[in-house]
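Note that subunit A is present in both complexes that follow, paired respectively with subunit B and with subunit C.
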Partner chain A sequence: MSAPEKCAACAGGLRTPASPAERAVRGLNGIPDDAKFLGLMPVHWRYDLTARFPWLRKVLRSRWSAFLLQMLGMLLFVPALLAGWIGSPVGNTNLIIVLVWIFWWSLLMLVLVPFASRIWCAMCPLPSLGEWLQRRSFIVRRLTAPLGLGKKWPAPLRNMWPVNIIFLFLALFSGILTTRPWATALMLTAIVVAALATSVIFEKRTFCRYLCPVGGFLGLYSNFAMMEIRHNDYATCRSHGTKECVTDTADAYACPWLEAPTTMSRNTYCGMCFECFRTCSMDNMSLRLRPPGVDLLVDKHRGLDESWKAFIMLGAAAIYSSTMMGPWGILKAWANARTLSGYLTYIAILLTIVLAVVPAVFGGFVWLGRKLSGTETPFRKLFTNLSYSLVPMGLLAWIAFSFAILLPNGSYIIRIISDPFGWGWNLFGTAAFPWTPFGLRWLPYLQVGALLFGLAYSLDVGFKVARQTVGDAKSAALAMAPVALLLTGVAAAFTWLFVG
Partner chain B sequence: MRTPRQEWLAGLCLAAVLVGTPAVVLAYQMNRVSADVIVQVDQEHGFAPNAIYVHPGEPVRLQIHAKDVVHGFQSPKLGVRVDEIYPGKPALVEFTAPRTPGEYVFACARMCGTHHGEMLGKIVVLP
Partner chain C sequence: MSKRWLALLTCGLITVGGLGLLLFSGRASAGGSPKIVEIDMEARQWEYGPGIVTVNQGDLVKIHIMAMDASHGFYLDGYGINEHLEPGKPDTIQFVADKAGRWMYRCSTTCGTFHPYMIGWLRVRPNYYAGAGWVLAAGGGLGFTGHLLMLGVKKP
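This part shows the complex of A and B:
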């Protein structure tokens, strides 16, 4: 292993692609060097955290850091699972419900995904046992062959369709999952078992990449995140023959997520495990801040599987908001499976909306835009590319939804830390803390602010993608105009749902 | 191949979490002395917790919070009864656990709504 070399391009600030080759790797075709998001944030701006804070690079390169992050997740997960199985059956007095559906969900949507991409995947305890078993090790790199069959995931399924289906399957039980501790415990146990089984049969983090129900939307929405792991200097990667990040070496593992960090241009499948930092003998990886949404402009790897993920998430946000916060009590009764017929009705509505209605309406508007602009771009390409404009709107709608989960229900967290199992404990003297909605007067402003920001960003991304896809500015504007109208309507509908 | 020391340390950390957490939780629950228990009660969920474990002869104090309407608390075998527990005004119920191990049923003492008849729980006196 050669000594790490310092790279010249480590400084923060504006980093326009250095060469045509690097430009091709980044995939920002048709995006001018002076392009800005919302007219404010330069698309190419980056701030290299690992160059600015050398101790951070040291921490990330340590093999202990990965283990400790996973143990942190495990420390939360084990008591929660225990509470789910043997604690109180009443949802709001059980740690598993409060931790998973109030604390974790809010943390994920309000902080982790928008700011730190898939950092949750680095501490997620669910696949840890499988990974340790597969590696036969917790920390050190073992030279023995991995445990298990090490098969490759079937090529036709190397996309988001499997996670779309698994996510939708779980979404059908959302009313039960979010209120019954045993149901959440059963789901988490099933995920651990599935991850373990997948680790034994398939290579590396196949489960996380292709099967995790959370991984799909984390991947899609992480394209909007303000953080990225990328190669530092492309010329270094290019001239480096060994490329440890894609081939296991004696000192470290290749990317467990089956990515090629040398050419990675999107956050979608980067699990932020930082293994590439540990394995790169050139010390050529960096953790950077960036403007949100850069990856949505990457004209590579786009596909209908991700488009449908965007439709599913946007549709699900609308349905969950209607169910949990809308004025229709009957929807809530249906979702909670009070009657079989009601529950079947709820399933039919959910599946029809997310799988057919949202894509069909979006397709109609794209078709109209294509006609208006007279572009020769194939409908499928325009449909796929423009669907990425739904990502900011979708994520910000979920953020608005999450504010409405956290602010009214956050006080349960104070109570639950004293009595996590609902057994009448009072560990820290807060077990009798009453349900206290917090900051509700600010809720409508936060929600409307989030939706307006999401709309503005979606429109901006949409017009940039249209320009990238269609070519000239006028045709792009005409192609995007109907979708812009649709996005405005979606934002208005969510606003009405949340504060109307 | 020899296992490095850091692997043993990591394995111990994991074992402590996987085995230690349930062990500590159950040990704490089984050995709580002088039970001081917060009980929440509402019509939808009844008493939570609805099973309270105590040791023979130990002093027990229940702090009962009504969350929706006026409830009550009674356990004839334990000789305790509170007729009215108002939301926002928790009631304190204190008694000494019987010397005889077994289950002692408690119930809502006030006709509080349609689920009144289902509002039951038990004090379990451990052997």
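This part shows the complex of A and C:
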């Protein structure tokens, strides 16, 4: 392997603005140089962490860092799975429920996704077995051919539709999954088996990219994240013949996520495994900070599969908040499958709302905007592109929901580390720690603040996308106006649900 | 005055006007003398009946509560009140509703599978949190929509 070369662009931390060629690769068509989010944050601003902190680049280039992250995930996962199968059947005394639905979920939605994109995928233990088996190695690159058939995922399914269906299937059991240790254990075991089977049949991380039920919303919402992995200098990539990040070589693995890091413009399918850092002989990858939501403006790879993901997540946020945080016993009884008819009613309501009502209402407002503006932009294109304006609102609604999960229930974590199976152990002397809600006095402020921020960002992203899609500012304004009204209504409805 | 400033002014007026109205209506609704509000409540897997209780700020609230089927609890967010309820044994929880807003009361004794979701709502009027949320959302959202409409119809 040739010695890494330093590129000129690596010298400084601040990267603003990008060159025209790089901007073309980024896909931020129609976004002016001086564009700002909320009138404050320059869209094109980047802060290169790996240039600013050279030790970070060294850490990320090490194969050990990937292995240790996966082992950390495994260290949490194995006891949790064991607890799910053999521990106490009572949810809040079992590690698997507390770890997965309180600790992991809150960490994911409140910290990891908004700030660090899909960094969770780098430490997720579920596909690790499959990947180690494929590579016949835990850490080093072995010269043997990968184990398994290495087939390519069928082209018609290379989108978010399979993930949407799998996520929805699991969502039907959300009431049961989040309260019964055995159910969560069954789900996680099934995912591990599915990931293993997929890795035997298909190449690399096909499972993570096209089948993981969590991957869909992580992918969509990571477009809002404040961190990205991108090539450092596009000219270097363009002139580099080998491109180890795209094709496996004897020394290095190509991107396990089947992305092309040389031209990657969105976080959607970047699993933050940092393999591109290790594989690039030009040392041309960087980890950067950026304003939230940049990828929502990328005018490439948009599709109805992702639009529906946005609808599903927004609708699910409303339904889960009503069921889990609401005062309506009937909804809880339905979700808890007390009676078959009640459970079927719950399923029918959930599917109707997320698959039909939310898209139909959104479509109606887009149609109105199209009529109002008189634009000749096809309805489907306008509908698809504007649906990305729902991402900030959806993510912030989930953040508001997650605050209401973490603050009242977070103290279970202290107790559970001493007694993970609910068997009466007291490993660290905290088994008797009482249920202690904290910060609930501030919950309404946090929730209202999150929703208002989500609304403001959605309006801003929506108008930028409308201008990008329709062209002239006048038509874009009229096309966006009804959607802005709808977003305001959505924020008002969530405000009622959380604090009204 | 440019359209942009006009839009900002409209947005600001909606917000300030809304907040003023909110404050005024809040004062008016809470202005009466505090009352004693007595509520009969049942706790059963996994709901409270009634699930929504509405009082005014300053009211003395007496909740006569009984667990109907198993041991339950009653924890009131924001107030820190916590009571354990034995099945069939009536209990009274008494407090002055001095914190305005909507607060959840939730079961604090593990009572079965859906225990974490056994929740009710106490609304202490005036609910400034929700009001401010709505006013700011309306001010921002409607103001922005108005701005878009003005931008769309302005002469070239």
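A few comments on the model shown:
Just so it is clear, the second predicted complex is superposed on the first by the 490 of 500 C-alpha atoms of A that agree within 3 Å, B and C clash if a C-alpha of one lies under 4 Å from a C-alpha of the other, contacts with A are read in each partner's own complex, and residues count from 1 in each chain.
As a working rule, a contact is a pair of C-beta atoms (placed from the backbone, for glycine too) under 8 Å apart; a residue touches a chain by one contact, two chains touch by 3 or more.
Please read these numbers as outputs of a predicted model, since none were measured by experiment.
When the two structures are aligned on the shared chain, A:491 is found in touch with subunit C, with no touch to subunit B. In the superposition on chain A, contact of A:41 is made with neither subunit B nor subunit C. When the shared chain is aligned, subunit B and subunit C each come close enough to touch A:90. Of the two partners subunit B and subunit C, it is C that touches the larger number of subunit A residues.
By the touch criterion defined above, A:139 lies against subunit B but remains apart from subunit C after alignment on the C-alpha atoms of chain A. Of the two partner chains, subunit C is the only one that A:179 touches; subunit B does not reach it. Judged by the touch definition given at the top, the superposed model places A:49 against neither subunit B nor subunit C. With both structures placed on the common chain, the touch criterion links A:448 to subunit C but leaves subunit B unconnected. Shared contact residues on subunit A (touching subunit B in one structure, subunit C in the other): 90, 93, 435. Residues 90-93, 175, 178-180, 323-329, 332-333, 336, 372-373, 408-409, 435, 437, 440-441, 443-445, 448, 451-452, 455-456, 459, 463, 473-475, 477-478, 480-481, 484-485, 487-489, 491-492, 495-496, 499-500 of subunit A touch subunit C in their complex.
On the subunit B side of its complex with subunit A, the touching residues are 1, 4, 6-7, 10-11, 13-14, 17-18, 21-22, 25, 28-29, 32, 35-40, 45, 48-49, 52, 62-63, 65, 67, 88, 90.
Listed in rising order, the residues of subunit A touching subunit B in the complex are 64, 67, 71, 74-75, 78-79, 82, 88, 90, 93, 132, 137-140, 142-144, 419, 421-426, 431-432, 434-435. Of all the residues in subunit C, the ones that touch subunit A in their complex are 46-49, 51-52, 75, 77-78, 99, 101-104, 106, 108, 110, 113-121, 127, 129-130, 132-134, 136-138, 140-142, 144-145, 147-149, 151-154, 156.
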